[in-house]
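The structure follows.
Which chain is which? They are A, B, C and D, in the order written, and residues in each are numbered from 1.
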Amino acid sequence: MRIVKDFLWKHGMTVGELVAKFGSLGFQAIELHEASEIILKMKKARAKIFLTFTSNMVTSGLRGFFAQLVKLGMADAIVTTSGSIEEDIMKFLGDNFEISNFNADDVQLHEKGENRIGNLLIRNESYMKFEDKMNECLNRIYEKKKRIDTSELLRELGLMFKDENSFLYQAAKNNIPVFCPGIADSAIGFHLFMFQQKHNDFIIDTIHDIKNAVLCSSHDEKKGLIALGGSISKHYAIFAGLLSGGFDYAVYLTTSHATSGSFSGATTNEAKSWGKIKDDAAAATVIGDVTITFPLVMIPVLEILKKEKLLKI
Amino acid sequence: MRIVKDFLWKHGMTVGELVAKFGSLGFQAIELHEASEIILKMKKARAKIFLTFTSNMVTSGLRGFFAQLVKLGMADAIVTTSGSIEEDIMKFLGDNFEISNFNADDVQLHEKGENRIGNLLIRNESYMKFEDKMNECLNRIYEKKKRIDTSELLRELGLMFKDENSFLYQAAKNNIPVFCPGIADSAIGFHLFMFQQKHNDFIIDTIHDIKNAVLCSSHDEKKGLIALGGSISKHYAIFAGLLSGGFDYAVYLTTSHATSGSFSGATTNEAKSWGKIKDDAAAATVIGDVTITFPLVMIPVLEILKKEKLLKI
Amino acid sequence: MRIVKDFLWKHGMTVGELVAKFGSLGFQAIELHEASEIILKMKKARAKIFLTFTSNMVTSGLRGFFAQLVKLGMADAIVTTSGSIEEDIMKFLGDNFEISNFNADDVQLHEKGENRIGNLLIRNESYMKFEDKMNECLNRIYEKKKRIDTSELLRELGLMFKDENSFLYQAAKNNIPVFCPGIADSAIGFHLFMFQQKHNDFIIDTIHDIKNAVLCSSHDEKKGLIALGGSISKHYAIFAGLLSGGFDYAVYLTTSHATSGSFSGATTNEAKSWGKIKDDAAAATVIGDVTITFPLVMIPVLEILKKEKLLKI
Amino acid sequence: MRIVKDFLWKHGMTVGELVAKFGSLGFQAIELHEASEIILKMKKARAKIFLTFTSNMVTSGLRGFFAQLVKLGMADAIVTTSGSIEEDIMKFLGDNFEISNFNADDVQLHEKGENRIGNLLIRNESYMKFEDKMNECLNRIYEKKKRIDTSELLRELGLMFKDENSFLYQAAKNNIPVFCPGIADSAIGFHLFMFQQKHNDFIIDTIHDIKNAVLCSSHDEKKGLIALGGSISKHYAIFAGLLSGGFDYAVYLTTSHATSGSFSGATTNEAKSWGKIKDDAAAATVIGDVTITFPLVMIPVLEILKKEKLLKI
């Protein structure tokens, strides 16, 4: 029987110590502690880990953390949305995203050429620089290959951006596939389209890429899922895992609730009815903003793995 | 100055009468009434209307309503996710989705071959029948065309399913494009992949389809957006509209909140900073489950348009 | 086995017809339909019905609906928060609440003497008029009784306000107790305090009022709960019901979720662990804004009861 | 101009270091960092600090943290709900609350005499022991005073429970008032009622207690508010602050959203329209479960104050 313990601050408390206390604190703190334990377990069991995130998380500073996690061997496959690709590259190109607030005057921002995502801003110039860069990159890729799987394209792009904090770069460097089934969306989709208008035989084969998604894990291997937010990135990872027999470990961090039947709010329990997650899998769902919960979930795992010399670097 | 009025029930009240009273009732009722008025305005202004929805809404009975709206001329383009395609077809094939509850025993459901989506269930057999049907359909489509835009594929599929309540069928019959940028995801993605394994020259060109998305409206035309839920379907519609100068009218119905910077919770105000929605556009966001809010928003519009003989049928 | 049915609009659809279709539509629509059925059952079983709501719902136009429901015999006890009392009286005094928007400029509103509640406004003058009126009312009540139970006080106040749309008036007129355990809060609390400063023997006995709350139903009677939102009003009703053996029927309409362990998000299931709701009770929770969901839940009940001549008037 | 910075884990990271990085991370992490800075400012400005919380937070291990904060001089007044009182005392009496899960079988729990609050459990025995203790305590208090303000009663109770982790004890010991305007609710309300049945002259004067609430700060002093969750506790603190001229600093931590007009979701901006928070006040709202966010917000403050020798102990 686990019991609630009175939480007390101790001078100099580390993140690892705080999350350890979360385990006997209550409500979502308990779930967060559980999620952290499950990720530790999946790593120790040498499970293939699928990490999924949406583009707003790349807009935020989590972009660097995703890159670091890949470098440290904490992800074996990444699934994300199209916006993530462009914003990872924008930051490589030296652009900064500004901190604003949720109640900013949007008409005024529009006049100033600033585009708001929650309390963050991306300037129009960032999109222009990205466009120029993409043109150049696509030309080089096209010379090598006309019909290309999405994850191959992203690998080629990643190899062009030597930035330690770029998840595309770290994934390419470490031979980790990045999947983006919805690449036709957003600015990157538009630039691919413009390029194709000039080169009709240039094909992004999102369908053929399913082979790579399925083959990056096998029925025999343990499989783990860390899904941040909802969207096609979460669904595609689950779909890939399902084709390989379902996940043995799953952690969902989300702000969505199960009550509307939306996929972003679908629980790990619901996933069991599908066989997406195995009946006896270790699974946890943490409700809260991932800019807060994800570092908290991961840091204790990294501390322990480092101590036990189980991190890649 | 608009004021709050005491709400009173009147015997035999119609949905139109209820929503009219919502306009002076408070909180989300006011926003819902506003959303309804904006849709009426966009239709009367002969705006091109983009309707977006996610697959869980097709799992629900809204599938028939989407088909009806297309038939009545209330949508000029549809954007949705891959799951919507398969579930629309499953229902055409005669399958029923069962009503269960949010707290069902998922391990037990898994054993019975029932897959849960919130409080609804889809049986494994439905997926098997769908697989058989898809094989047959894809063969016929492949004979006509090897490299095909996603919306062309969906049009071909729609023409094969004579079901008044199928949104794919109604869209195809009424020459309304259905976009699905993330078609590589889910069961339909898998069947496309299996088919491609046998026919390597079969290509779903999600990139080339952007042309159709852009061309289905023009800079000169008024454009309206009705976005149900979030996800790639909402984003792709906005992206297409942005390329044609931004929307003049926009209604978002969602359960997500703006506070996590997620796109599903992004407000119509935030969209103005991007030019996705014009600075002076008429726009409203209604927080609530679309199975409740969408019929309420649309029915008063349909009643008025019918009276004024502005519905297609 | 209940199945999902394709929803179709029918010209002239009544609210009753819409909610009937909700029963086979999906997600929260199904829960809303269930809630409506349960309220019909509790009324037909002649259960004692506790209706609870928070003050923001009185700010909205639901105030008139609450009064109408009392008049029609749909509530046997009301539990609410202190703000509800003052706003019910302000409306009796002829004041109007203005419709504004959720993003109004609050500093500017403050300068204009307008106080915002979501997208609604209450002017400072309304509070001043209320203060004058309260002084007069309390003098009259004090002459009759020095130490008074809260529900007695509210009954005396209700008898002073002949307004068909006032829930205090309708409750007093129909001998329905109104409980307000947190009356010391808010403007009414302040006016009671100021009056007591002049009359030290004036006592509002919130503790003694528990007798009235317990005695308004008995162990032998069926008991039903309709709880709108959370807060002390929901908890006090459940506490009173628990002392009489627990509820046989319960409907919660709320925007809060269970995940934070808050009472406003606590489900009807959780209530069963306490015996607050009986193990075999009919119970439903609907997630959504009550300005939308409450009229939808109640109207079909009223239509049927009217038809079967079971409404009080 | 503040910009987003790529977040990177550093071995041995303290909570203070993590929250410092939150300031350039994004979305709610930025708001959390801001909230932490504001609490530091309010303390350095020697503001009178009102801390409010709901009973579920006392059920959780935050109870010990609340006590510690009082001991360290971080709160000058506490406002809470009735359940907090009984659960603080139950823990003093040696009872443990068990950790369960959100999907527990509630009917089974009921049979076992276990009452669920989210993922936590309180046993029936805990309530029985509490009842016995209360009887004894109330007898002693009654001998000293027949008519008593609520905060006086809670001070007397606090003095009887020598438990370092009890917030009632620490508040009493440190001369910090604890307000509970809704004391008539819940188990403690019932025990007060039973005692009054035997001693008719025993009066809990919730109205007279407003004097203590108003006098615990003055117009001339700076005032700060830390409101955890919503409910009457948050509202009463604001009401008391408003009577003394409004707050200069305010931090809200909540899971509720502004969209339904509920008070628990009301923002610090909305409060400015009322003068509850001054127009130029430093204010922040953090959306998330307080078991996670509150320790994160407070720990960096405590670390800095300790370093600067500004903590009481």
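Rule of thumb we're sticking to: contacts are C-beta pairs under 8 Å (C-beta built on N, C-alpha and C of every residue); 3 or more make two chains touch, one makes a residue touch a chain.
Owing to the predicted nature of the structure, the values given are computational and were not obtained by experimental measurement.
S.K.: Quick check: superposing chain A onto chain B on C-alpha atoms, how many degrees is the rotation, to the nearest 5?
M.R.: 180
S.K.: Give the chain pair, either B-D or C-D, that is connected by more C-beta contacts.
M.R.: Ranking C-D and B-D by C-beta contacts puts C-D first.
S.K.: Using mean CA coordinates as chain centres, what's the gap between chain C and chain D in Å?
M.R.: Taking the mean C-alpha position of each chain, the two centres sit 26 Å apart.
S.K.: Centroid from C-alpha atoms only, then distance chain B to chain C, rounded to Å. What do you get?
M.R.: 36
S.K.: At what distance in angstrom does the C-alpha mean of chain D lie from that of chain B?
M.R.: Their C-alpha centroids are separated by 44 Å.
S.K.: Residues touching two or more other chains, restricted to chain D: which are they?
M.R.: In chain D, 26-28, 56, 59-60, 103, 118-120, 257, 259-261, 269, 287, 289, 291 touch at least two other chains.
S.K.: Flag every residue of chain A that touches chain B in the complex, lowest number first.
M.R.: 54-56, 59-60, 81, 83, 102, 104, 106-107, 109-110, 114-121, 147, 150, 181-186, 189-190, 192-193, 196, 203-211, 229-232, 235-236, 239, 243, 255-266, 269-275, 279, 289-290
S.K.: Touching chain D in the complex: which residues of chain A?
M.R.: Listed in rising order, the residues of chain A that touch chain D are 1-9, 11-15, 18, 21-22, 24-32, 56-57, 59-65, 67-68, 91, 96-99, 103, 118-120, 165, 269, 287-289, 291-293, 295-296, 298-299, 302-303, 306.
S.K.: Within their complex, state which residues of chain A touch chain C.
M.R.: Those residues of chain A that touch chain C are 26-28, 103, 257, 259-261, 287.
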